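Dropping the structures in below, format is structure tokens.
Next come two complexes built around subunit A: one with subunit B, the other with subunit C.
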Partner chain A sequence: MTTATAESQASEPDDLDDVEESQLEFYAREIKDLVGVFSRTLYYCVRGKREKGDIAAQMYAIGNGSMFFMCVTMAFIGAIVAYQMGLQTKKIIPDMSLLGATFLKLQVRDLIASVGAMPLATRVGAGIAAEIGSMVVTEQTDALRMSAADPVDFLVVPRFIASVIMGTVVLCVGGGVGIFSGMLVAMVSFDVNPNTFLNFSMLTSGDVILGLLKMVTYGGTIAIVSSQRGLRTFGGSEGVGIATTEAVVGSLFGIIVWQFILSAIGYVLLPA
Partner chain B sequence: MIKVHDIHLSFKKPVLRGVSLEVPHECIYAVIGPGAAGKSVLLKTIAGLLTPDTGQVWIDGEEVTFHDELKLAELRKKIGYLFQNYALFDKSVGDNIAFPLRRLFGNIGEDEIKERVAERLMRMSLPGFEDRNPNSLSGGQKKRIGVARATIMRAPYILYDEPTAGLDPVTSQRICNLIRDEAREQRSTVIVVSSDIQRLLSIADRVGMMLHGQLIFDGTVDEAFASANPYVHQFIRGETEGPL
Partner chain C sequence: MSLEVRVGLLILVAVALLGVFVVALGGGPGGDVKTLYIDFDNPGNVLGGAPVNIGNIRVGRVEEIEYRGGLLDPDTGRSPLIRIRLQIQEEYFGSIREDARVYVTSTSIVGESLIAIDPGSQDRPAVADGHILVGIDPPRMDQAFAMMFELLENIHGLLRDNREELDSLLSAAANMVRSLDGIFTRHGDRIDRIMQNIETATDQTNDLLGNANELITGPRVQRTLRNVDGITSSINRDIDPLLADARSIAGKVDDLLDMLGEEQQAQIQSTIADVSDISHRATGITQDAEQIVTHIRQGRGTVGAMLMDEEIYDDVQEMLRDLKHNPWKLFWRE
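Let's turn to the complex of A and B:
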């Protein structure tokens, strides 16, 4: 056995317990860090001293940059969902009168927020992580700290507020476009009159509240997870790339976890 | 006076291994050494940007090692810092230079801030650059903007991290002269980390050499040149033959 091999074997853990423990420690540290960034963000939302125009600039960047992308994506998703619902309905009961009503309920309660948040996470999350990550590797966050400006206050809070507000706005607009495209597909493919399709009778205030709650939560999740990854960037451009990838993966994972939690809460407190 | 005692710091691997040094008042202290020796990490530890695993840092006789950010804000009023990568924000040159004043000294009026920014830019031979964007400037100009930001508070301690990295010889010498003149005029205590030894030693009062996370030499410039330590001897002379 060569010396190098012997050394590498010597450094391996004795059993799988060690590996599992270190993995657990890793995830515990990550969650602790996320909670820390989130709590500091909430604190600085109230007590921070940011510069004028920071939030507006971030709102413009997130809203303006995502609107077209979101509208196109949601148009396709609305069309696909309406078409699939129509096909299934046709097989079981060839009565399309309630197609629009069920489509609207599904969209407002669930799909606009949860499906729309995924492209939003890739677009906004990657941007936030790359921007903050670049500032970390070029020591700009250290320069902020040397001037007693907490990077969470200065960088995360404007992005968090902007992402919550503009994430909701962009998802609402994208959702409207998705409903419109679904209506067109229903009209062309299944001869459903637009007036019949736009049937809000099954939609309750609970559906709207739950949908909006999901949008706000997903907007905040994307900003917090991506900012945390950005702040933890290490190394040069490769580190920024890793942070960006982790931000998108982490945001998507966060959205799915929140989707499960909020849906479960919704079914108890705001039953469909 | 800046005093560092037995600092240990690790990022998975040890980066600083028992570093101790004292920088007397109004001294220009040069920290030299090969890459990855721990020079920049030492500077950031002194500024409170990194917390050591063990050891102490004293500034003006006060131990500042494990201060929270609130207490560190008070400490940072006393410290100007030039970062290796300029660390200029995506704001105008004027706003970059004024940033520490606005954040750390809320009682200074905008008129005085503008006056001091203009004075700094004049001193850096960049008059009228207030509204320019840092992205449109050369490396040398960015460094001078960084020096202006580091010195605008008239802080008693200034830390320079690789102030001449990537600059041509003439600009490097100008930056070094600027550092020396600023230190003498403002009577500040200065630590400069650099690999540009000849230029750095021309302005330094004392010199410390770091290697593998340890301070292997601490003395005057003359003592450094006369040192029998083979690492110091080779590094200062830039010789290819030797233990490095």
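Let's turn to the complex of A and C:
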């Protein structure tokens, strides 16, 4: 698989039609590859064999390891969003009584998951891609194949499960921190009482369900995209670097695409 | 602390945070709820799940919005277009009375629509579970805007079609204001005096009315009124016997006339005619006497001049005094 990709990338297109055709083929192949990794991951989630403590180690690395970074990032994001919302509200209607309610709705329905998943993707996605890519370039995955073991089962599945669970956990905790920091900013900058700010009247169960669905999806997307890029690494340490970059870019792109799809589904099934 | 425990702790924290969030979202650990139906013709922008408030306290939520299409409800005898089912927490449900007013409002100008309940008077019985109330429809802003737009259109058309008339009207009004200003400026002193006079007149009128009031309520008027009252009472008391006597006298006169013969009646009529003639003559004599007296009072004629003219009176008096001292002048002229 790795050799075929390298050959396809090495072949130069002759004219514009060839360029378009090769690009289309490239994206089609990428999507097919992603779907293949994802389906095999789901299969091995049910039927696979894992070493004891493998998933826990990955959960610790993805969840506990990202917690401080995510809390700080989400605190800043919450503060910025609350401050900007307050400023805009002040310009239009100088009534801050619903600032908290709208902030909470926006955060829970969308921003905690979608904006929080981006820094998570940079840290977790890069880690997964670098780790698996290093194994690929040092031919450890070839050794697994020679042992009749699928690298997806041994390398991707623990990271996928850990990313789905701990991505959701980290985003929940980070979201709480973001809400708290937003509440502080609203209190200090706009004199909004914390009780007034924590107004859940505009939130619905649909908002929470949609937010959780996004967190789970983004966690899985980061793991699948980063693992797929890691498994396609070639060319030594430079290839690992390229795979890491592509993993972050691909994860962010995947998050944006899923954001669009899930928001559209949520608009239809779970209206705000 | 092992790696698994640390991961578990983090998951527990996240689950606890999510649990708190879900509990807060549900408005805290809720108790039993009761159902209340509200009939509307147009409930505005109320959606399912919208809050229900009593005195700005959230007491429930909109559970279902049912379109009835004006179907007659035999229980209430009404034909509502929309029926909304509310779930109210039991602890608040008892405060809602049968005369409760239910209306649609919003948290702010652009806020979420909600159902607000004014619980009604405490002397009325509380509503039962499943009771149906009639809601007050919110104002139709779209209709208001449409009417306002039509009004503005009409005003614009009026201004556009009557520009010349309006210009002349405004010019005339401006001239009138200028004229009035000139009048007030030129005759400010006189206007002040007029106002002072009016003030004085009103003060005097007040005093006059006060005095008149005192007079009316005073003892003399009261006494007069009592006397008049007494007189009218006496008249009322004596009028019937007097009328009876008058009727009796008239009857007797009729009898007397019936007893007289034609010759005697003729004599009486002749006598009456003579008396009438005499009275006419007496009247003429009296009028002549009055004319003479008037003549004398006006100093006309010899007697009048003697009586009324001071100078003649003085001359006569002087002559009489002179005659008293010199009686020979009656016989001998100097």
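Here are some notes:
As a convention for this text, the second predicted complex is superposed on the first by the 257 of 272 C-alpha atoms of A that agree within 3 Å, B and C clash if a C-alpha of one lies under 4 Å from a C-alpha of the other, contacts with A are read in each partner's own complex, and residues count from 1 in each chain.
Throughout what follows, a residue touches a chain if its C-beta (ideal position, glycine included) is under 8 Å from a C-beta of that chain, and two chains touch if they have at least 3 such contacts.
Not measured: the values here are computed from a predicted model.
Contact with subunit B, but none with subunit C, is seen for A:148 once the two complexes are overlaid on the shared chain. Looking at the shared chain after the overlay, A:139 reaches subunit B, while subunit C stays out of its contact range. Look at A:200: by the touch rule set out above, it reaches subunit C but stays clear of subunit B.
Of the two partners subunit B and subunit C, more subunit A residues are in touch with C.
In the superposition on chain A, A:67 makes contact with subunit C only, not with subunit B. Contact residues on subunit A toward subunit B in their complex (touch as defined above): 137-140, 142-143, 145-150.
Residues of subunit A that touch subunit C in their complex: 53, 56-57, 59-60, 63-64, 67, 93, 95, 97-98, 108, 165-166, 168-170, 172-173, 176, 198, 200-205, 208, 212. Those residues of subunit C whose C-beta lies close enough to touch subunit A in the complex are 3-4, 6-7, 10-11, 13-14, 17-18, 21-22, 24-25, 27, 49, 51, 58, 107-112.
On the side of subunit B, the complex with subunit A involves touching residues 44, 47, 49, 69, 72-73, 76, 79, 81, 83-89, 99-100, 103-104.
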